[in-house]
Structures are given as structure tokens and as C-alpha cells.
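Two complexes, one shared chain (chain A), two partners (chain B, chain C).
And now, the complex of A and B:
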């Protein structure tokens, strides 16, 4: 192999090959193999980006952009991870993001300024989540169908509100956060929100009774019920949580684009599900990992960025994403069967 | 017997899984026309061995001969082609297909190579069912609509629809009532008379006495005894071989006289239309009450209705004087009820989770403040609860799926122990639990009762009810037909009561 001279590869080259197995073994003993393999994929992508476009890709601004772009879908994915862990699915996330973003940017809402936009976005998200949750938990509908119906209606409503037009945001505070060099606590605001949502999501899933109940319902709903868990209420809360995440994501998208559009969040449901699944969350429920989901999001966003930098069309990106999903799940099946 | 080569010879079979040596040089030989019983505790390697025989697992070492010729069973299809059929414990039928379609799955009679000849399939299926003594099963019915016993017959018909020389049956009687077991044995007798060999796996020694010709005992992945005479080998010897120690089927001693006390739970006039009628019960602390009855007598339904998992048509359950909200599991759990359900894996356990989390799942509020789990306290409490029941391994961090049946049951009991429940409802507590571990479970249940717990026990094994309970309620067709202290009953009397008028 040739040795191009860019910083990240220098670092990897310094590790002598003979020293690798023990390093990996000790790491693997203390960390999840899946998380490590995802980190490996991400590292490989960074190397690829560094090789193909050393100057553009590794530019701080570009890396910031990757993280910022990942933040919107990332917040949605955190909510999705909870729903999938509980054995459910939420196909309506993209549509909820669209509806929240347009409802929060109507002329009437914008009169209430920053708080009005934020409040509306979150409330619309929660409202849609409530409807999903009630239909599924108490109406006995299959999550796939209930959220599919929500997908259709929320998109329709979003189109009705906007009449297909882009709603430009004129609220100063919102636009300011969307500027290229806006920082909160030294971090781009969207990335900060994503980080906070991730940490809170991780804590809820791993350290609270809510997280335990989520896993229990997904692992064996009947056993959870007979153990005294209120399965229906838990399901309702989970779709509310997903709706909340969509509302937050919608607000981030408004900041990012300075507008609200009914086409926002297109196919977010598929990206979020894909990120959660390659992260290691079981589609059948009972096991979920926020860390994995976030890594999944970062992997997808990095790929998109590298492809864009290399002027490759989105069709090629889609094919690559599909291949990665297949590869990740196949690798996970293999590691699962050998451990 | 005949000096011809055995139908099947397996020698020195080894098979390892990561971290486990499941088979460590097992020998087994099976003669045509015999019933060869395979005994062993859970984890002894029975399942792995039959999966090797079915072609589902590839052995790491050893040889298999079929009618004297060495063979390699590369896949289940290869095994089937030789004439080996396996009826697994968890029946592998497609519920959405008809009986005939299931029987002929994978080898449908066809016209032009792909058009299924439905009538021919139904006709041959009807003939098979008739041979099995179950002509009443309609080949056109959906398998999902059949009872467990009927599904087993369908499984058997499927095995016989091939040109079968050897049938492996993994605990076929586990889900069957006594009369159905009789029919099963008749079928086994029929097919062996035709020269077909049967490898029969069961936990029940008395069954092996009844139909077995020879017994091979497995322990820790080895055959500790091969080809013992099934009828004449003393039980003590068989149990000793299985467990490595001399264990009888022992029940703990009852306390001299149950102390008179106020009932902790009262059930009054509880009924569910079509399932059971007007069930009354006073359950006192320290008392074990047993419900004896056949499958379908309403015993599990009664337990689940008391627990709130089913809504009663009429009637009331009171715990410590306070009536429970009908049809609410949460109300029952809050009032101090705990259920160890019949289907442990499907109804009680979170199979992907650790023992700790399975034990703490009903007491999470005790280890949390504002929803925040105190994992240290949780771990310590789960460890204490599992230690109290001597759950093995002594490490609640391991996944619950790695435990044996008996220890999984202990994990369920530990859940309620930790919750501090007052009334324990046990539905078939020893199903799938091997002989050695049963005695231990009995002792645990009795000890919990001695410590003041009230226990309501359902079991299809009459000796278990008689040996463990203080008082027995005999159920028939949803009604209590007899109530008596356990010491005044014997197995024959209970069976008479249970069967009376049904035969």
C-alpha cells in the first residue's frame, strides 16, 4: 500500500501490526464488540474521506457540517430506538417532522417569536405521538398500520397548511442559531441539542425504570404484563417520546434551513430505522442501544458527506447505504452466532 | 436378540459449542423395532444428540452407521431420506396451513411437478390419522385450530408419511393427558411392531418402564450407561446414574399441623363462562393448596383469573380483606399476588436479559427513586433472593436463557420473593424440570410456605399435588368435585375423581 501523508493515517500507521491483537482483545473484553465494529467502520470512512478529499473532508468546518446535518436525523433516531426496542415501529417520524416544521413556521405562529416556534414544533410532535400511542396502546392497532396512517395524514396536513410553498422564517433568534458560525458553549447549537438528547436518551434507556420497562415490553410483552408492568401505558409513552423527538428535530430543521416545508423529513423513517438497526437494536424488540444508533447516524451522514464531496450522485449514495445495511446486519448475525 | 447389525450406531460423537462441550464421546445403538429410551437431566446432551441424529447439528467427531453402513447426516433432509424422523418438543407445524398440508409439507403429491394434488394429500393424510387412532381429525382443518394433543398426532402423521425407519420423540407426553398418553403408547407399540425403531426421550421414569425396551442414560455429554433393560433396572440405579447421587423422588415433610389463621386470600364464586364455574377458596398463610385436574378442567384458567390475567364473568377475589379489581394484573400484584405461569419462556422470562433483571422486573420501584435505578441495590437484592433459593450458577449477571429449566423456575420464584408477595400461584412449577432439580424445587416451595407464604399449586402430575399440597381440590370440567387433605387421598382415588364420567 502507498502511504499518503494525512494526519489520521499517520496515527493508524504508528500502531505496529504485532501490537494489534492484544490491544483489540483488551478493548473487546471491556467494550461491546458491536460498538467497536461500528467505530471501526466510522474510522474507515474517515480514512476514505481523508484519502479522497484530504483538504475538504478534514476541514473543521466540514466535520462540523457532518455533525450538524446528522443532528436532525440523530434526534429522530434516538426516539425511534426506544420504539423499536419496545418491539414497535414508527413510520410516521418523517411526516411528523414535516408537519411540526410547517405548523411552527406559519405566519401566525411566527408572531409569537422564538418561543412560539419551539413550543409549537414540540407540541405538534407530542400531539402526533399521542394519537399514535393511543391508537396502538389502547386501540389495539398494529404499530406498522397506525403509524403508516399517521404518515399519510400528517404529510397531507402539512401540504394543506403550506399549500406547497416554502415558509420563510423571519424570527431573528432562530435565524441567528442557523448561521454558519453560531456557537453555544463553543459547540454548533444543533450538535449541542443532539448531544444532550443522546445523553438523556442513553440515561433513560440504561439507567431508569422507564428504560427497563421498554426493554421488558419489547423482549416479552406477555411476561411483562404478568410481571405487573402496565404494558399499554408504556407503549403510549414510547410513541409520545418518539413524537417529542420529532418535534425537537423539526425545530432543528427550521434552524438549519431557516424555513418550514411540507417536504421536510422525507424518508426520515427509513434512515432512522436503518441507523438503529445497523447500530444493533433488534427490530424484533428486547434489545436497544443508543450508542449504536448514534454511530449508525454518524456513519450514514459521513457517507453522504464523502459522496457529496466527491460529486457522486445521490443514487450512488442510496446504493451504498443499502449495501451498508446489509453488510452490518450480516456481520452482526455472524458475531451473534459465534459469541 | 437378532445378530443382524443395529439399525443405527453412533459412536464417540462429540460436539462443542463456544464454551460448552455438549457431547463428549456419546455411544448409542438402536435396533430395528425397539423403543430405546434416552434419559438425562437438562443439559446432559439429549437435545444436542437428537439434533445430530436429525441432521440439524454436525458432530465435531465420531461416526454414525446406518444399517451397518457409515453415513454422514449433512442436513435434516439427508436424515429424512434415510428414514429418520424427529418429533421435537416444540412442535414445528405451520399453524396457518391445514393438517394435510402440514403432513405433506416439503413432499406434496403433485401433478406436472408443481400443482399440489390437494385431494390426494387429504386422502393419504386421512389414512395416516386413522392408523394413529385419530380419524376424527379433519385433514382440511387448520392446524392452529387443533389442541396441543391433536397437533402432536399431526406431527406423528407427518413423520409416518415418509418411509420412516426411526422416529425420535422428544418428550412427547409433556403436553398430554393420561388418556392421550395411553393412545401415544399404543401408537408407539404399533409402529415398533412394524419394525420401526423409536428413540424416546422423557423425564418420566414410569413411562419408560411401560414402553421402553432399553435405556441409555446421558450425563454431562457422556453416555454413562448404554442399553440397560428398561423394565427391570431399578429406579434408584437409573436416578443415581442421571444425577451421580442417590436421589429418590422426594417431597419435603409437611409441618405437623398447619397453624390456624385468617385466610390471606378468599375467592368467592369466581367463574368464567365456558371455562369454570363458581370457584371458592380460602387460602391461609403457610398453606399449600393443590388443584388436580386434567388439561381442560379449568385449572390454569382459574389461576389466571385469580391473578387478573383473565376477566371473570362473576365472582370476587379478596386479599387481606380488600377486594381486587377484576381483570387487573397490576391490582393483583400490588395486593401481593405472584404467578409462576405454565409457559415459563413465553409468559414469565425475558430471555435476552440477565437473571438480575428477570428477578427485579416486578420490584423496580423498590430500587428506584424518581424512576432512576439504583443498580447496586438491585444487584444485591437479586443476588440475595437467588441465593436464598440456591439458584445455580451463583451469578445473577448471566443471561437467564443459559439456565436449566429448574433454575429458570427459581428465577421466577425469586422475582416474587423479592417483591415480597403473600400469595404465590404456581402453574405446573416443575414442567421441563429434571428429576434431581424437582426435589429441590419442592423443598423451596415448602420452605416458602413455612415462612408464611400461601401457595396455590396446579399440576398435571397427581403425585406432585399429593406430595406437596396440604389440601387438594379436584377439578373436573370446570367444577370442584372433591376437597380433602392431601394425606387422605391417594393417586388412584384422585385419578378416579378426575376421570369419573369422562372416560
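And now, the complex of A and C:
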């Protein structure tokens, strides 16, 4: 979205010449084309799923399932999108989810019931985000290194707390949230949380000064600083935000799996980065889209769902997943560049 | 991107960083010590209480024990079993190393034990093939090696191997399910496997399929692989339940991922089939005993093998055989039976369940 505030120079003859208020229209058209191509990929997947497994795939329960399974990584991806938009990266999201989920399910924490689990998960996420943010913004560390260090230590700490054991949650109120009785008008509570986080994320990125600052820092940090933005404080806030999202995701994961385990959130960092990039967020920063990221997550979960419904084994799944990532990005590039 | 330095009042960058690192370290330390307690009041060590084969004290034996990092409930139980078993014997001293998944680190630890001249070594290698050389080295140095579970490449690298039976696990699960469903027409069975990258997962599946072949009325209709984690168990089970609206039995390779699988089953509101687990976790035993869900049985991959390895190591050190067998020496190889634990015998196994 930081694409220059002047009309695009490469105006090919295919572009309809109707763009009178050029800047906003073309920008909107640009965003829409990206989103539309993602929707196209998703639609193609739905067709494939519908043809191969009509009864099981085209089913309300399956829609609920796909959205539920996507909600944990979805919340993480929203936070990741902000960080990447600002030109940073957060490799520690999976480890933070693991640490939060483990810390929130210790015997000591569970004694405080529902609130204890929720607050611990969120606070641990925020705490890790704070350390990341301080190291990167004020310690001058490269995000890749700082969050890599956090990845290692958070996983280590999670292992130390659990001792390799599976911590089973016995707080009924938490477990119930994952069951069908808790659905609100057919919508699982986890999906509601995912939706709320998405909407808030979208509003912050697109409709607030905070969002514009994030894009500015990612586009050109030095220019942003000269324009009067406190770049360091902005970075600190962004990693805090990512940590917060991890904390929320950890709570969702606790509801879903009914336990805390140090292996939780395995490779979330890669899934979240992949979803954001497929969605159209620039890895170099300066452009980010929450809508795209969420569509990226949905594409991934739908693929997994279709594979599982067709009883394809994990080797085939992995090969095809790689191919689809490449295909999705290529399709998107093409559609985006020809418009 | 270099950060702008706009605060002349601050100390130079290096010490500012130092301060930040210091603060981070201290706060991390404070976080660790507060509120991460995992102690339950009624916790008992996961180990068995049967008497040893030969309880009479004999020559003093120092046993060196090297295992992988206990990042999984089962491996943790392996360590506990070894420690508790060694404590039972007055004539045994156990030298236990810090567990490690790093091959080089584990080799170093075992070499240290060799240099300390322990009498017998018990080794659960992080990677059997990669640690064969150090096993050979110990044997050449005259220290007999008891190879636990993950087998070395060469029989020369160990005096005795003891371990579980993955193929047998599949057989036991398949037989149990087969007997339960043998009178049912067109019975449908599904399998929630472990990590497909591992040889042992393939063996478990082969055993399961072989056992089901004996029952022509039963068909395995779906198989998905999770990766031994609760999270993956929930995710894959949720998909399987959606894919198979109707089936009669489920075998899940691992009780740890079974925690997640059971959540998925509860979340989907399903209870129209029977489930068999694998490995023998405490939570699974408790569910089997309570008998209020789909989980009716589990097939063992017993962590008590570590206790038996200590027994074997002690017998080796004292030059004894196994009580109850005619031979003067302990066997070269012991494959443990994968017993089925169901409601009838679960009480007997409860103490061996791991968390």
C-alpha cells in the first residue's frame, strides 16, 4: 500500500481509461485484484473438495471444522502480518505459543481456573513480545536473530516447565468452549475470536495512525524517523502485538487440545509467514494486508482438510502443499502484474 | 538498519545492550521461578513395584545410564524407571547423564562413562545407527552394554538388547479390535498413526494391517498420520471424524496424541465407536478405568523396559543369569510383549502409566 502516491507509470493499454480520481481507484483496484486472485484459489479448492468428497466437504460441520482448525494459526498470522509489514520478522511465534500454553496449564495456574489460564496465556505472550521488542527496538538487534534467540529459550523454558509431560487441563469451563454446546448461532467460539482479532487487526492496519506508521516504518524506516515517527517505540509495540496474538492463540489451542505441551505450536512461524506472504504482504516490509493473510490461512487449512477427507497420506500432502504454495503465488503475481 | 542514536545522555551502546540483556535475563529468571510449579500432591513416580528377579545383594555394580533428552512423557518415564529401579538395589550405583538429543553430545557423555570405568552401560541412543561406534568402543574396553530400545547397527556393539515391539503393538491392537468386531458385518476401522517419518510408525501400521487380515469382515477405511503431539492428534482426528461419518473402531498409535484425539471426539460429539490407544499413558489408563468414553483399551510400549535394563545390567555385572530361565547368562536380545490393557487388568498397570 505504500506504492507511490502518484499514478502508476506502467499504464498498459489493457487498463480501462476510466480511472478519473486515479490514486485511490487504482490502489483499491490493485488490492482487490490480489484479494480476488486469492479468492479464486480458494474457490478452486472448494470446487476440488466438492467434486472429490461432496457429502463430507460441502457440509456445515466441515465449514465449522475448517474455520476452527484455522483459528489458532490465524490469530498468530494477524500479529505476524503487522511485524512483516514493518519490515521485521518474528520467528518465535511457535515457541511463544508453546510457552504460553504450557505456563497457562501448570497445576499451579489451573488452580485459578478459567481466568487464571486466560490471563497467564496472554501475559506470557505479552512478556515474550516485550522482550523481543526491547531487544530489537532498543537493543539494536536484528529481528531475525532476536526472535531466533527467543525461539530457542522459550522452547527450552517450556520443556523445563513440563519436563516433557503432557499437562492435561481439567478446568471444565475451558474445555466446554471447544464443544458443540458452546457454539453461538452455529459459530464456534474459537472462530468468533479469530473473526474479532481479524476485524480489529484490519481496522488498526488500515484505519489508524498506528497502522499507517507501521507501513511507513516498513517502507523506509529512516524516512519515517525524519517524518517524526518514533520508529523504536513503534517496533516495540509491534512485537508486543505479535506476542499478544500468540498469547490469545495459545489460549485457543488450550481449548482445542485440552492440554499444554512443550511441542505445541511446532513450526507456526513458517505457517504464519507463508500465509502472510501468500496473502500479499511484502517480506521486505512496506505493504501488508490482513484480508490476504486470513485468506492465506484459509487456503492452507482448506488444503489440509481436502487431503484428510480424501485420505491422502502425509507424504503426498507435503508434496502437494509445496506445489500449491508456488502455484498460488504465481497466479497472484500474474494477475497482479497484468492489471 | 542502524538505529538512530539520539540520546546523548545514554551510556554507550555496548553497555546499554549489556544492561538490556541483563534485565532480560533477570526478568526471565524471575518469571521461571514464579508460578510454574507443576507439583501435584498425589504424584507417584511412574514405575513398577514388582520385586526384582533376584533380590539377594551381591557384588557391587556401578551402572552408567545414558538416554536422550526427556522431551516426551514416555522418555521421561524411561529415566524415572531406571532411577527408581536402581534405588531398589543396595548393591547398585547409578551414574546417570544429562539426556541429550545431540548425537555428538551423547557420544561424549558415553565416553565419559567409559573413562570413569563403570561396570556396565545402559544406553538408549538418540539415534541407534549413529551411536554404534561408541557402543563398540565400550564393549572393546570390556564394559558390557545393555542397548535399550533403539538398536545399534551391529550386534558387536551390545551384549544385550532389550526393547519394545512396534510390529507387535500393531498386532495386539488389530487382534483386540478384530475380536470385538468379528461378528459385525462390514465393520469399518480407521487408524490415527504416529509420525510417518519414523520407521516405527510403518512397523506399527504393518502389524495392525496384518492382524486385521484375519478378519475378512473388517476393512480399514482411513488412515491419517499425526506427529505424536496433542495438537496434531486433535487436528488429524477432527479431520478423520469429518471424513468418516460412520465407523466402528479406531486405533491411535500414541496415547499422548490420543489426548488431543479424545478432545476432537468430544468436540464432535461422537461416541459411536470403540477406540484403542498405544504406549500406556496414565491419562489413558484412567480413562479406560473410568469407562465413560470411547477409549476401551491401549496396547503397551512399556517404559518399564528401563527398569528391566537395570536388572539386566546388574545381572551382567554380577555374572548371573535371569531367575526362572535355565541359562547361566542373560539373553542377547529381549523383545517385550505388547500387552493389551483394558478395563479388566488396568489396575495392575496403573502404576506404570506415564504422564
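Throughout what follows, the second predicted complex is superposed on the first by the 294 of 339 C-alpha atoms of A that agree within 3 Å, B and C clash if a C-alpha of one lies under 4 Å from a C-alpha of the other, contacts with A are read in each partner's own complex, and residues count from 1 in each chain.
Here, contacts are C-beta pairs under 8 Å (C-beta built on N, C-alpha and C of every residue); 3 or more make two chains touch, one makes a residue touch a chain.
Here the structure is a predicted model, which means the values were calculated and not measured.
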Chain A: partner with more touched residues, chain B or chain C: C
Partner chain(s) touched by A:210 [first = chain B, second = chain C, both, neither]: first
Chain B versus chain C as contact partner of A:283, first or second or both or neither: neither
First (chain B), second (chain C), both or neither touched by A:267: neither
Touched partner set for A:106, first chain B, second chain C, both or neither: second
First (chain B), second (chain C), both or neither touched by A:225: both
First (chain B), second (chain C), both or neither touched by A:196: neither
Chain B versus chain C as contact partner of A:314, first or second or both or neither: second
Intersection of the chain A residues that touch chain B with those that touch chain C: 222, 225
Chain B-touching residues of chain A, taken from the complex the two chains share: 207-210, 212-213, 215-216, 219-220, 222-230, 282, 286-287, 338-339
Residues of chain C that touch chain A when the two form their complex: 1-4, 13, 16-17, 20-21, 23-24, 27-28, 31-32, 35-40, 69-73, 75-76, 196, 221-225, 227-231, 233-236, 238-240, 242-243, 245, 256, 259-260, 262-263, 266-269, 281, 283, 354-355
Residues of chain B defined as touching chain A within the complex: 18, 307, 309, 329-330, 332-334, 339, 341, 346-353, 357, 361-362, 364-365, 368, 371-373, 375, 415
Chain A residues within the chain C interface of the complex: 53, 55-56, 59, 61-62, 65, 68-69, 87, 103, 106-109, 120, 124, 127, 131, 134-135, 137-140, 153, 157, 159-168, 175, 178-180, 221-222, 225, 231-232, 253, 256-259, 261-266, 304-305, 308-311, 313-315
